[in-house]
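Each of the next two complexes has subunit A plus one more chain, namely subunit B in the first and subunit C in the second.
For the complex of A and B:
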């Protein structure tokens, strides 16, 4: 079973993503801060990371670059309230960019896609 | 033998005028005014010195001969004779011994003699000089009326080109001043030179014959000639135009004849390479370029400033240029100078008015932008803050409602409906939040080359499902030659999508929507025309303001964002609407520079 790490500071959204992704058959672990997320990256060894761009303590983009430093081939999905980050240079290194929405369909589709592609290689 | 008739005539003369009268006649004999005495047959009895000189015939030649034959009299104007009046005056033509025709007034007084015969006393007044004067006067009048006609043409001329053409046609036409060729040189103050600008005239004798015979065959007014004039023959400049364009000199080069003439206030006539009435040396290159050594140069001056130089010659006919020709050309020059100056001032004024208008417009636009930006920045910051704060809770509310619907399909129908309502309402709130965040987006456009038609197609594709559901059919037309827009692709896309979304709301019952892409001034216009409910004047006036909405489920920002995007591109947005018929929203963007094709 593929493991997904969700880094999201809003408790209710962590719960929502966990619930939805678990229903899709993933093993889901969550972190509330970037720091916590980076630690869990080592302890949990997830197959994919879903992260918000704005996180308390550390900027999501910076956190992502640290993730990619350690695990260059780990798929990262940026999940943000802002479509404006789409054009940011840093976000180009993410594997997917999803605008936050009550409709999690888009997010789930991208996660499924990336996990399938990864297990295929 | 010769003196015999003479003695005889004298005897007859004595018979008519005894003693003292004869002495009087002898006195008249020395008189310079032509005078003769005729007998009752009309034969000449007396012929004074004036008559001898006037007709070139001595008394010996004419005495005894009939008067009418001697002077070849043909009466031209003869007033009716009045009974009892013995003196008649009439106009006639006579001939000199040389055959030269003379215009005269004859004063004839009948002198009844005692024997019942009638002699006649004839006094001749020379009209030839005054006839000549009259003819000269008539020519003057004709020339002045030509000048007046040219003046009228110049007054109504709309452009400098037309003015130049009028001057040249006036100088050369047979209805005008009849010079063979005319050249106009104009002062270019910016470049500091006097330069040949335009010319009219045949290239050579054969072309002259062709042109002049054709012109003679057609009776054109001066104005018609001006209108018909074509400076180029078969696309190539005429030979005189080529000559004119070779003439140029720096304004400060006083060594050049044309510059000296320009700076002086009087006309210079060159005859056989020399300026008339001065010690002016043979003009320099101008004789060589024109190919003639006799011409007139009239300086054109207006308000004391040199405007140009008018050159005219008779290169083909070699007819000498008379004082009269020069005088009339000077008159033309006077009018020409004022007309040219007027055209220049008009052009200059129009340019300045246009640039002033443009500057004012720019200033007003900038002020509007400034005010709008300040207002929008404040609104935007507040809105963005609120939007951001409610966004995550919305995701949670809507997300869990969806989750509940998906996870457990076995809910009560009432519960399912309630969950569906939550999902729908959250979707609506999210779209409002998205608009608000988009509206407060501070990014400046990243300008590239944008194909507006392609963008419109993609926008329609994006909204495809919603449009279909609403029963709206969109057609896209592009007028050929529409330029690419200099614009931020994503932003323009957003603007088109927003305007299309507005159509969705305006057309609850569906119908056609047309998107037209066309060239507009220096840019491209994308006009979206719906066939929906239309807007009232009131709604139109506020349609672009933030948060102004007539819709139940709109953010009131769609058109505001579109308008902000268009204005960020230095474009403009126009709304035209008729209630009950539909609305057209036109967005205009500046054109991108043409790509260089390899």
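For the complex of A and C:
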């Protein structure tokens, strides 16, 4: 079973993403801060990371740089309430950029697509 | 707030790659990176690229440093920074590795720029020009950028024409009849010639213009892959076929019959490029007021020769076919076909021929130097001889494959 690491500071969203992604058949672990997420990267060895950008402490763009520096091929989905970060060059290293909405359909579709592409190679 | 008209050059950011270790220039790179190696008496190697920027009208410049960057940072900070005005949105700035993305040294030229992508995000230029800090040539980058814009290219690569037989040691660019790049060949055994000109090939000069967004996307994708993270090997070949990538034939501002572009990669190429300056009709001209090469200004007294005892056995201070920097005193010695850096002193009866002497070298009485490169501040004792007996020289110094003796900085000779 593919494992997804979700880095998200809002508790309700963490719960929502966990539920929905588990329903799609993924094993899901969550972190509330970038630091926590970076530690779990090693202990949990996820197959994909979903991360918020605006986080307390280290932001998601910097955290993504660190994730990719250690694991260049690990797919990363940026998941933000703001579409403005999409223009930032720093966000262009992500495999996907999803703007948060009440419906998790878009996020789930991108996760599924990237996990499938990864296991296919 | 100042309001300024948008110009192509004002919308272009220059990035000078100055992080090379310069292993093959050792020991000249023992205490400094390759771009900071003194060249042509008064200059450092990087001055040629920076002068090209200035003469081309590029006024937003980042110099990416890495190894032993102190000497280079001092040179750029003291010698160049005052020419750029922050209020007019101009700058030249050395950028050492920030370890923002990778916690490691740069893995290649593309990685060096990728790790500094935040600089591009800050400035958001339309175009980025990538330059090497260790080449000697004169080029108007404005012509390159104009050609890039006119053709609507995503990337344009400056290329120098060389005889096809000499191209095998370089990165060769294969083009179609419209100069559109079809392939990059790295040190090919059989270089692809220019269409219709079987005796000529195009060599990649390491001078590139990119649309910024194209560049960032290519760098971000490359960073995720296991490559050499190199512009010539990975980024540019990867762009061929995704959009218009053109070769721009080098327009040499040196205005000699053969185009002049030299990569100061080895001690022998350093020596040969130095000797190119001293010829009576130099193949590389430092004296063209229309394309000045500048450096860190130093207030030194004029060079001086003393003793004019022309009778046999007399003391005669004489310099022939040479470049002589400020503050030099040739006191009763003889210098031929050489480059004397600032504040060099040649004492009585000493003989210096076909050599490069960097700042402050002091050559004692009756000493003889032939085909030598002497790094800064070396005191050559009286009667010391170099360059006449290769076996003897090899015991004490590095001797290049071309037979040039290199005496490092702070060498203690006796």
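Quick notes
In this text, the second predicted complex is superposed on the first by the 121 of 121 C-alpha atoms of A that agree within 3 Å, B and C clash if a C-alpha of one lies under 4 Å from a C-alpha of the other, contacts with A are read in each partner's own complex, and residues count from 1 in each chain.
The working rule: a contact is a pair of C-beta atoms (placed from the backbone, for glycine too) under 8 Å apart; a residue touches a chain by one contact, two chains touch by 3 or more.
These numbers were taken from a predicted model, which means no experiment stands behind them.
In the model built by aligning both structures on subunit A, subunit B fits alongside subunit C without clashing. By the document's definition of touching, of the two partners only subunit C reaches A:73; subunit B does not. In the superposition on chain A, contact of A:119 is made with neither subunit B nor subunit C. Between subunit B and subunit C, more residues of subunit A are touched by B. When the two complexes are overlaid on their common chain A, residue A:43 makes contact with neither subunit B nor subunit C. Once the two structures are overlaid on chain A, subunit A sits at the apex of an angle of 60° toward subunit B and subunit C, using CA centres and rounding to a multiple of 10. With both structures placed on the common chain, the touch criterion links A:65 to subunit C but leaves subunit B unconnected. Contacts of A:103 after superposition on the shared chain: subunit B is touched, whereas subunit C is not.
For the three-chain overlay built from the shared chain A, the minimum Cα spacing from subunit B to subunit C equals 7 Å. The residues of subunit A lying in touch with subunit B in their complex are 10, 12-13, 16, 19-20, 23, 81-84, 87, 99-104. By the touch criterion given at the top, residues 388, 391-403, 406-407, 423, 426-427, 430, 434, 437-438, 441, 443 of subunit B touch subunit A in their complex. If you check the complex, the residues on subunit A that touch subunit C are 62, 65-66, 68-69, 72-73, 88-90, 92-93. Every residue of subunit C that touches subunit A in the complex is listed here, in rising order: 100-104, 117-118, 120-121, 216-217, 220, 223-226.
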